[in-house]
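First up is the structure itself, then whatever we jot down about it.
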Amino acid sequence: MPEQKTEGAVEEQVVLKDTSNHDAIEIETSGPDGSVLLEVDHVTLRFGGVVALNDVNFEIRRGEILGLIGPNGAGKTTCFNAMTGVYTPTEGKIRFKGKEIAGTKPHKINHLGIARTFQNIRLFPEMSAMENVMVGCDARHKTSVPGVLFRMYRVRPSEEELPESGIRRSFAKVLGISRHTLEERAGRRRSMELLRFVGIADRAHELARNLPYGYQRRLEIARALATEPELICLDEPAAGFNPAEKEDLMGLIRRIRDLGHTVLVIEHDMKLVLGVTDRIVVLEFGQKIAEGTPDEVARNPKVIAAYLGEPDDAA
Amino acid sequence: MDFDALISGLDRHTLDGITRGSIYALVALGYTMVYGVMKLINFAHSEVFMVGTWAVLGTYTVIGATAGMGAGMVIAATVLALLVAMLASAGTALAVERIAYRPLRKKGAPPLIFLITGIGCSMVLVETFGQLLRFFFGQPFGRVTVNIPSVLETKTLFTIPGVDLAVSNTRVLIIVGAIVMMLALDTFVNKSRLGRGVRAVAQDPDTASLMGVNQERVIMLVFVLGGAMAGVAALLYTVQYDITKFDIGFIIGLKAFTAAVLGGIGNLRGALVGGLFLGIVEVYASAIWDSSWTNVYAFVVLVVVLMFRPTGLLGESLGKARA
Amino acid sequence: ACGTTDTGGGGSDASGGDCDFKIGAMGALSGANASIVIPSVDGAQLALDQWDGGDCTVTLERFDTEGDPAKATPVATQIAGDDSFIGVIGGAFSGETRATKSIYQDGGIPMISQSATATDLTQEDPVEVFHRLVPYDDYQGAAIAKYLTDEVGATKVFVVDNSEAYGEPLADRVEETLGDKMVQRDKTEVGQTDFAPTISKMESAQPDAIMYGGYIAEAAPLLKQIRDAGIDAPFIGGDGLYGADFGKAVGDAGEGAVVMCPCAPIDESSTFASDFEGEFGGAPGAYAAEGYDAMSVFLAALDDGARTREDVLAFVNDYTGEGLSKDIAFDENGDVPADQVSYWAYKNTDGTLTPEVEVSP
Amino acid sequence: MSQITAAYRGLRLGDRWGGAPQPVRWFVMLLVIAFAFYLPYLNVLPFAYIRTDLTASGSDWASVLFLVVVYMIVAVGLNVVIGLAGLLDLGYVGFYALGAYSVALFGSTNSPVVQAMQSKFGFSEEWAVPFAICIPIAIVMSLVAGVLLGAPTLRLRGDYLAIVTLGFGEIIRITARNLDDVTNGATGIIGVPVPPGPEIDGRSFFNTIDAERWYWLALTILILIIFLARRLENSRVGRAWLAIREDEDAAAVMGVAGFKFKLWAFAIGATLGGLAGLLFGSKQQYVEPNAFMVQLSFLFVAMVVIGGSGNIFGALLGAFLLTYLPERFREFVDWRPFAFGVALVAVMILRPQGLAPSRRRAREFEDRRHEAEEAAADA
Amino acid sequence: MLLEMKDAVLNYGKIEALHGISVEVNEGEVVSLIGANGAGKTSTMRALSGVRGLATGAVFFDGEDVTKLRADQRLRKGLVLCPEGRGIFPGMSVTENLNMGAYTRKDKAAIDEDYDRVFGLFPRLLERKKQIAGTMSGGEQQMLAIGRALMSRPKLLMLDEPSMGLAPMLIQQIFDIITEISQQGTTILVVEQNAKQALSRSDRAYVLETGNIVKTGTGAELLDDPSVREAYLGVA
């Protein structure tokens, strides 16, 4: 992945925000780092006889990278699903920025500021990489069907939004520019920036299904970022990566955090988890068995017994 | 509106409904199996049924079967007609698969295209009997209703005591025939190895082939079985109604498809449940009101059921049908 | 008026001296109900063949509508838009006639229907161009009811229709006339094959006669299922069953079924019958005489010197004369005069309809 | 066939069009539109051979053109539902019927509804809702029907929707046929109003015969609709539909309000269907239930798919061919349905992506085809 | 030689994913295939198993040309693939999925034995015998997929990234299983990102890079190869 990104991070933070903000949804990115962003409050989730989550209790703090690990079938993905509205907890509450979100529709939850990637990649395979990201950008846009059809909602354009030439310029000055047009423009620009950010801009116009696996994983991240989430959840982003690629991914995750997003990551690769997270929550059989800094967790005998096995640097 | 009529004749109406529903159910099997495996509504299936009815007529004509033959002859003629109808219907189904679906599958076409070729095939088959064959052979082909000799004459077989309901031999044949065929098919799909292959292809064709399942064979099998069931339905239908017509498949096909969805498309037992349920609902409702609203009852029931059970009464998919 | 659409093969200029015209006939020329329509068009053809037009040439063009109103409207637009047509025979069925008569009205082209009997065609919203050679169904309903009460002696009639534009209103009329001599009314659908619900209603109503309003296609299976169920009450239908195919389609079950028709039997020894037989290889069937008469009226208009639609229309409006089927004249609505209203009951014996008795409503 | 397609490809029309400068495109477009308006008068050989009234039993050319355009409006609407949003609607004729019936029910003095209003409010026998008001009524009725049908059923997946919509179409038709006191039942309603206009030759401007006027009216509406519908495709809305089609759950998690957008698609489709029905009913000046059989729905779907679903111009082409060809070959009356069926199968097998697919579909399709062909190891 | 692929070229539409590669696997060996994302590992497996046809080239199995055979026909000969992304039957129960593995087998007693063996290897599957496979967690599905492949009693078992999505302890276990079944006489071809583990347990290995084989050697040789170490082991 191109390396020039790391330095540019601070500027990008500005550019990556939607610039068509004449009327965009306000996202409070304010709030001090370290305050609670999402709270999983004694959540239990059962499927018939299977207890996938059993009284799980933890919180995610603003600005951190939190790892979620545990043996197979421990309930990690289920926990994601509960947070993103795919499942509703049997018991307990999930609060995002203090607001109860259990039972809210997935797209509403996205609008509140949570985005995710999937363990089994789920892109829109017949759309280009760029369009995939545009769909993410659209989540923050407001123009709906009448707006697209009739372009009635007009905004007074700023100087740089005005068309270059003659008649069109005068028209735009008098009539304004439709919000739809501005949103489209901003969306396209931002999508390209995001693709560059995750390092796959070179194949922006290829269909998602034809991208190599690693690119697809990164595209999923770009698409999720496009919805301007406060919290982004990554489900096994490194699955199928080789060690060198995992190294790159760690850098990307850090840079996402540096943009001001809070990150929750599920991963089985301990090197990545220990290397990138600030804190780790460990699940086993649907129960939380440990929580703490990477060091603490890695030394925790329960975790070693249930999950890590004897230390193995190659894992 | 006449609820009394329904209540007072409940036994009779139920019997009528089951008779009608049995035929729906048998035809529904074809829709459900093809859908289960290929996620495709085989629009030409209604004509597979129609061809079966003509095959019955053809058989009777060739062997010169008429009403009032001896019992042995009646049985022989009926069995022969059954076999011919099953063969003809299965053959038609297979031909439709070969001509209209296989080339598309080879090209990886999206499902909507299959729908159109299905409709096209259906028109061709309808017109074959309504026009093409008439052009070459004249009567009985063409756009008129034709009679099929009622080889098996309707007789009261027994009377259900208590409710004093006369049950005719044709009805017994239809109901028993339908249920036996369904059970046989259900056992086959759920218990036999080939049946498991069918379900595997239904869920993931690529992986199924990795398990040693021959996908093409399975698809052919599905069309043949569905077609044969439509052939059985065709015989039972002609036994009861003694007629056929070039476009006779349309309405029955529509209802059978509705029944399949009602029961949970892709689910064999769903087809039986959906068919019987639909038949009974239609007859009950026609008893209370009248037959001019029949299709409305059918579809309203469908919508109501789907609203509460979005994947039909018994739920979806050949694979998910837990044996 | 509508010269915009005549091209290439279009007709000659009607206002010119020469006399080269077409007459259209539209109806169900194919399908299950064709046998009620084709003889009438054949009858019209016969009239044309027998006509000596002098320097006039007229051709009869047949348009198949399958009796379907939706298919009839484009046909009507075509006929109305082509100036070489100066008259229309039809529509044969009421539904298609209703759908097209305003088109013909806009085109100012006279129509003479040989068989469309629905009441509203002339009684509710008459148009100037429409005429018919048959009385309307108020009479037919009354005739059927009268037959049922007087000839059959029925007091408990079960009335069924096919929910369609001809059968339903006819059954309504029968119901009205019968009053409390009707025990129950039921409706079925076009295309239906399983009549179990209707039959179980009959079983409990125990009617002493059954009346069906509709066409042959559904009447045949219905009647068969009625007989299969062991109900042997007399069965009577309207002119919708008056076709040679009825007997064939219904088979043994149809033995004794009665069909009412506003058409008198044609004497087998008449010249018309023998000419018809000679031309079309069979006895004149349904409405053959009416078709013949309709054509004759148009031809008379040409003989009279009419050369435009307007002329022909004026001629037809005022026409009086003796026809094969009846004495022809049209009242201001386009109907036959009341004294010409007469019905015949035909009984199906051995698969053919034989005249039984005349009924005047 | 292949030679023709090769020659066509050789022209690279699409690319040239895309590459042409703006004014040239405008000019060509105007030319095409002008030609379309001129069509009813087209009488220059050999082009006149496309007319449908050359044979004895032919049909009126301008009427055919009108019907073509009405079906094109239908196809554009259905293309939104099927092609863009990916919802299989087999009951589209229901909306078409609703449009036709609304104008009849409120605009005709023969309609029981109008008669009831007359007696209720003491209006004269001549009174009926004016045509101009019937238009919004028809549009609102079909839109509401679209939403009412969509709201409970759009949650159903794929093929369930197909049968439910099919049922909807039938319910509309049967209800119209059976509710004698509201719709005149099977008899239908005559005297459906036409748009106002000056009288010419003693006939109102819009009459049943001078079909070219109807054609121009419908064509104008069609052009407007195409202009609007094109806007949908490359927009937030179009992308949302595409995303839903591909993976509805993933789309939801990405913030796409699936239900809302599907409902919009349905509402747009319903409105256009209703509008087309209104034109049809008004031109016929007569509506009756049998004009709205299910088979018409199949025909509509076939138009969109044959043309190449997803592409407005494909849908237009499909509508044109499937309406025009049967009319052009009227002399083969009895064989038309047979030929039609054969043609459906043949065209789809030879060109499964449709005659004029959208670029995206064409590309998707190529990929899939290669994949499928290679997947067959014995190939 | 049990399996041989000669000069295989595989296309996806216009993209050529394999540029004429040759792979050999001898009876009883464990051979691994490593390479970066998109190198063509999965494509190689697909070509070998018959899920995809080759543009040119040939595949021999057990001395027989199987190039023209479909996947199901190759399976009957004992060539079994456990595909990438698991490919379980989502609507069938765990037991039914395993049963599908034995689709072509008729030896009932031996099949029952194999059930016990698989359940012994993955107790989680035994616990969840009746669960519908589609609702299982990612790792559980992976176990099921491997178990199902074993149910076919393959002569040659091909595993495409068997450790993907598994927890560290299980990865260890999977490799132990691979070693074990290899000792029981099954030949194995495995694709792995977990190159270190894979190489240390393989007799031989191939390194794929953008559709070409760039290196081959014994597992130990490649483990020591500096360029391999840098590219695939994450050790500079």
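Order of writing sets the chain letters: A, B, C, D and E. Residues in each chain are counted from 1.
Here is the rule we go by: a contact is a pair of C-beta atoms (placed from the backbone, for glycine too) under 8 Å apart; a residue touches a chain by one contact, two chains touch by 3 or more.
This one's a predicted model, so the numbers in the text were calculated from it and none came from an experiment.
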item: Partner chains shared by subunit A and subunit C (touch criterion as defined above); value: D
item: Reaching subunit D from subunit C through chains that touch each other, fewest steps; value: 1
item: Of all other chains, the one whose Cα centre sits farthest from subunit E; value: C
item: Intercentroid distance (Cα basis), subunit E paired with subunit A, Å; value: 33
item: Inter-chain centre distance, subunit A versus subunit B - centres from mean C-alpha coordinates, in Å; value: 50
item: Chain centre separation (subunit A, subunit D; CA means) in Å; value: 42
item: Where subunit A touches two or more other chains at once, by residue number; value: 210
item: Junction residues of subunit C - those touching two or more other chains; value: 30, 163, 187
item: Junction residues of subunit D - those touching two or more other chains; value: 177-178, 334, 367, 371, 375-376
item: Residue ranges of subunit A touching subunit E (in the complex, touch as defined); value: 47, 50, 70-74, 76-78, 119-120, 210, 212-215, 236, 239-247, 268, 270-271, 307-309, 312, 314-315
item: Interfacial residue positions of subunit A with respect to subunit D in the complex; value: 84-86, 105-107, 110-111, 115-116, 118, 122-127, 131, 134-136, 138-141, 143-145, 148-151, 180, 183-184, 187, 207, 209-210, 223-224, 227
item: Subunit E residues touching subunit A - in the complex, by the definition given at the top; value: 12, 15, 34, 36-38, 85, 124, 128, 131, 135-140, 142-143, 161, 164-172, 193-197, 230-235
item: Of all residues in subunit D, those that touch subunit B in their complex; value: 82, 88, 152-153, 155-157, 159-160, 162-164, 166-168, 170-171, 174-175, 177-178, 294, 298, 301-302, 305-306, 309, 334-335, 337-338, 340-345, 348-349, 352-353, 365, 368-369, 371-373, 375-376
item: Parts of subunit C lying in touch with subunit B, wherever the complex brings them together; value: 30-32, 34, 163, 186-189, 191-198, 200-201, 203-204, 217, 220-221, 224-225, 228, 245, 249, 251
